[in-house]
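The two complexes that follow have subunit A in common; it is paired with subunit B in the first and with subunit C in the second.
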Partner chain A sequence: MTFDYHEPTSVREAIELSARFGGDGRFLAGGTDLMVQIHRGRLNPRHVVSLQCVPGLDGIEVDGAVRLGARVTHRRLESAEAFQGALRGLAEGAEVVGGHQVRNVATVGGNIVNASPAADVVVVLLALDATLTCLGPAGERTVALDGFATAPGVTGLRPNELLTRASFPRLAPRSATVFLKAGRRRAMEISIACVAARVTLDDLERCQDVRIALGAVAPTAIRARAAERHLEARPLTDGLMRETGRIAAAECRPIGDVRASARYRALLVATLVPRALARCLERIKLGAP
Partner chain B sequence: MTRIALSLTINGQTHDVLAEPHRTLLDVLRTDLGLIGTKENCLEAECGVCTVLLEGAAVNACILLAAQCQGRAIVTIEGLAAPGQLHPLQRAFIDHGAVQCGYCIPGMILAAKAYLDTNPEPDGDGVREALAGNLCRCTGYQRIIDAVLSAARALRTSPPSQAAR
Partner chain C sequence: MDAPGKVTGTALYAADFALPGMLYGKVLRSSEPHARLVRIDAGRAARLPGVRAVITAADVPDVRYGGSVKDERVFARDRIRFAGQPLAAVAATSPDAAAAALTAIEVVCEPLRPVFDVAAALAPGAPLVHDAWASYTALPILHRDGNVCNRARIVVGDVERGFVEADRVFENRFTTSSVHQGYTEPRAAVAQWDSSGQVTVWSNTQLPFEIQTTLAEILQLPPSKVRVIVPGIGGGFGGKLRIGVEHFAALLAMKTGRPVKVMTTSEEELTAAYARQPATVAVKTGVTNDGRLTAREARLWFDTGAFAGSGPGVASVATLMLAGPYRIPNLLLEGFAVYTNKTNFGSFRAPSGPQANFAVESQMDIIADALGLDPLELRLKNIVREGEEGPTGQVLTAVGLEECLRRAADAIGWRDRRPEVGRGKGIACGWWTTTGGSSGVYVKVNPDGTVALNTGAAEIGTAALTGAAQVLAEDLGVQMADINVVSADTLSTPFDFGAQGSRTAFAVGNACRAAVADLKRQILALASKHLGVEESALALREGSVVGAGKRATLGELARISQASGGGLIAHGTFVAPPTPYDTKRVEGHVYPAFHSPSFHAHATDLSVDAETGEITIHRYVVAQDVGFAMNPAAIEGQIEGGVAQGLGQALSEEIVYENGRVLNANLTDYKMPTARDVPRVESILVQHPSLVGPFGAKGVGEPPNIEPPAAIANAVASATGVRITSLPITAEKVALALRERAK
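Up next, the complex of A and B:
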């Protein structure tokens, strides 16, 4: 393992370097995925382009929409004031990534581009209808997060493109978000299965808008669309929430591995989905004026 | 591979080193600077024995390039207290019998330091969570948790006279 190290000081310079190095180059954010891959000999880039001195990538902006710079760390997500209320699910996703040492450096952008099926923050961002801004030599484009990852470790990011931010719309009134994760232990654990839910209720307590996203139960993080549809315009009763959990479990395509069997993963989805929905309901009621 | 000149600020002192750009901070600390209090084990950010403070935050030196650390303040276990003195955390680890083989302890203590700096009144669960990235194969953790809670009390009543760097 040997490589040259580059520290561009502008987005433009970062993209120029990456265009120059092509497949020999890699962006480095927190390094919690990249450096581990390099140490394992799975990746062997000739050029590492650090993003740490590139300005404009570390903002958390909340106005009409919410914009997260690619270099925002999990640590900052979990402690941001903006994510303690209806957007609490985002802090919940961030605060279970690794331990403090990992969260202090690991970034949102790295979580997205690394494209692990078990990327916790990605699951929450899916439930928030996030879009991604990618900047390359040909300019800027916006793509949906849903569908961005196509296989474990593979995304639609083009060569030489830099992910600059993830954005999502502000939540409507009477909304809540929840993230739940099952692992073999409480901390420092990759998800066996995880669920993010976003619920908006109308004035008659019916589901106006619902998203259910699942992690670690398919080749990429996914939305459980049939489960979402099942809730449309209906009030969240216990029976309906349990049914929705079973539908979500049927939608996922889990594998069995050292952490859990495929069957156990599906069972977890059937349990976590109703729990997440119930907690959303609870939060909306608590937050209601 | 050509080496690059790095200027690193470690425990308040500037060190000029020539190192290949792919070398980690952990490697440079131990090999070039002889600061072997920071330990080396998994090299995958799993175990925490390589924990140092970077601008006051706990990070794993095994996945951090030395080149990334220029212009940023690093504290290792050697710099936690003035020479010949013990930081209240070190004192508490000794008093509570929280050290067996000792391999995990420098990382434990620095992770605990970073945590107590922002959470001066922790409870046991908070400490456990803060140390989740530090593995210990000897102690069973309980005495470590006790030591950190006791150090937190000590730091609240009498902060170290010579502020730790």
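Up next, the complex of A and C:
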């Protein structure tokens, strides 16, 4: 395990270095995935380009939209004031990742480009309709997070491109977000299934806008679109929420592995989806004037 | 005594140990579980940069070693018996260079038909893991046959008659998974040879004297040419009893002429260490309608892996655990250690205890439910009492079990066993040994009045040597702060049977008492002469000898003795007196009676999520008969740690095998509980003094690890009505069982 370590001080310099190294280079943010993969011999980059000293990548901006710099850590998502209200689901997704040491360094950008199907924060961002800003030698482009990951560890990021931020629109009034996760232990745990829900209710208590995203039950984090459609313009009754859970369970494509069986993963989706919806409802009611 | 250094990070461990010019060793391990080794070619690896030596079976003496059966070699010679078996070792100037060299070693082998579990190993016509088993040197007492490297048996009365006397007979089967000890510090050793042909090995072993003997056997040297020193141990729990990496370090150091350090990775720990044996347990128990146990026939099969290791002994202990702490007039109990193509599973804190207890104590609740009895009452009706016999006829004394059961039940609020839907309480009890074996100490009074305790035992982190020092301080009338401990060096410290079996504070403490008795005679004789006062008028008090209005400090007397007679020094020894038992009741048994047994009960209160199966533990109570609580804070620490480890085995931990290969050989997927998973553990120290232990103490380190799986299983059954008969009791198993029942 040997590589040259580079510490550029601007985005431009980082991209130049990346263009120079091509397939031999990797960006380093928190390193909680990259270093493990290098250590286990799965990746062997000759050049590691640290983003540590690149300015402008660690902001949390909230105005018309919410913008998260790629280097924003899980710890900051957990503790940001902006994510204690209707966006609480984002803090909930962040605070269950790894342990304190991991969350102190692990970043939003790293979580997205690592493209694990079990990436907790990615599941919440999917439910928030997040878009990604990628900067490369040819300039900047914006792509949807949904569909960005195409397989475990594979994304639509182009060679030499740097993911600089994730953005999502602010929530309408009467909205809430919730994240729920199941695993074998309460910390240092990779989800065996996780669910993020975002609900906006209209004045008649009907679902005006709903997103349901699922983690660890398909090759990538996915949206449960049939389940979302099932709720359109309907009030969230217990029966409807349970039905929606069953629909989500039917549209996920889990595998069985050493962490859990496919059957249990689907069962968890059927259970966690209605719980997440019910909690959204509860939060909207609590938050309503 | 060792706590401040460990808490502040200044304590030295074997993994920290380094010498100038030291090389780093790595071990090439087989990826095949069962194969004929055709060829191994290290030529290319040896020429890589930084590589100083590559050794294979061809470079080491052809020796088979092992404690009870000599069936293991340093490297596979012609036959590979498990995925993870050492094939070669490399010494290089950096760990990376050594790791790179491993990938350059060419191995050619032809796969053989494997046996991956006990059922396959015992099937008619199963391949033999050791074709030549019958020719191996082994303890003559063992009952060996093909893939069975020991069958230990206890027979009492007539079980068939007992089943006829019973109103109901219950038959249940249980399985447990392999779990790793989870010590924080991997196994590590540094070896260095000197010009006299002596090798010194610094290792984190629990048993320096056993490692010395095994190394001497492997290296074909007299034991006096092998010196083993334990600089510190970052946790062992039985996983560091047998040889780990010491032999690789010694052999590579011999070949290179330089010190060599070898340390395992997490992957090696989870594939090729001495994790707890997976077990299958079949228990058949006869009982009258009013809840009196009339007979038990039980068999426990351990998967011991490719080598016998601790298996034959642990299978023996298992039979005592299958009886449980119960009075059952008719018993037929068998423990089997069975060879398979897996790593050599070994000893783990209370070896055999959790597996057998999970089965027996789960069945006690099954019986209670079926008979409509309270599980606590069923236990109280059948537990052993003071003066009664254990399963092999040993007479039991200092039996604090009823008090343990009653106090644990009271503390958990047993009267309200199912306080709400999905919530339930469970209880389990058991017994355990305080392992015997001998301990020697030297105790020396220094000229400044401090005292040196020299012991062959290693401080494994249980505060056992703190306990021994407390005994010494109490008897000699000095302060704890005045005692310094020198330990675990086979050249300079007296023999000790080692940090195992909950024995260290017990045995070293008693050896200290013997040494102080001798030392007191020397001190009083000298003081009498010096002070001119009759010995009978003198007493030791607060670091001085006082009497007839006169006083001499221990320092003063040590200085006088050094000037005139070589110093105040005493040798104390202890060996646990044999526990008489009925030899006619046992066969193939290497552990027929429990010395100074301890008794314990665990109770827990938990909730089960009816949909996800997730278990939330509200309270966990342990009532343990410790004989005499020498150091209550340290004992509570042992109980809390033992329960945390036991809950891991109960709920989340398992080494998962598929076709002989480990699927989760990393700490991401091997799930030890975190601080957020372990509830506060409430300890109740019950004290029925043992006749032998120092001040009545009994062994305390292992027992807290025994009952958690059964206590959890019983509480889950109480909460849900679903009985899980395999470990770990994961949320998945519970959820799917609840779903099956709903159908």
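Just so we're on the same page, the second predicted complex is superposed on the first by the 289 of 289 C-alpha atoms of A that agree within 3 Å, B and C clash if a C-alpha of one lies under 4 Å from a C-alpha of the other, contacts with A are read in each partner's own complex, and residues count from 1 in each chain.
Everything that follows uses one rule, which is that a contact is a pair of C-beta atoms (placed from the backbone, for glycine too) under 8 Å apart; a residue touches a chain by one contact, two chains touch by 3 or more.
Bear in mind the structure is a predicted one, so any value in this text is a computation, not a measurement.
By the document's definition of touching, both partners, subunit B and subunit C, reach A:Gly99. Once the two complexes are laid over each other on the shared chain, residue contacts for A:Gly89 go to neither subunit B nor subunit C.
Look at A:Tyr5: by the touch rule set out above, it reaches subunit B but stays clear of subunit C. Shared-chain residue A:Arg263: touches subunit C; no touch with subunit B. When the shared chain is aligned, subunit B and subunit C each come close enough to touch A:Met188. Once the two complexes are laid over each other on the shared chain, residue contacts for A:Gln52 go to subunit B alone; subunit C is not touched. Contacts of A:Gly69 after superposition on the shared chain: neither subunit B nor subunit C is touched. Touching of subunit A by both subunit B and subunit C, each in its own complex, is seen for residues 1-2, 99, 186-188.
Within the complex formed with subunit B, the residues of subunit A that make contact are 1-5, 7, 28, 31-32, 35-36, 39-40, 48, 50, 52, 75, 98-102, 104-105, 186-188. The touching residues of subunit A, counted against subunit C in their complex, run 1-2, 99, 182, 184-190, 257-261, 263-264, 267-268, 271-272.
For subunit C in complex with subunit A, the residues that touch the partner chain are 96, 611-612, 614, 651-652, 656, 663-664, 668-669, 671, 673-677, 730-732, 735-736, 739. Note for the complex: subunit B touches subunit A at residues 1, 4, 20-22, 24, 43-46, 48, 51, 54, 57-60, 62-65, 67-68, 111, 114-115, 128-134.
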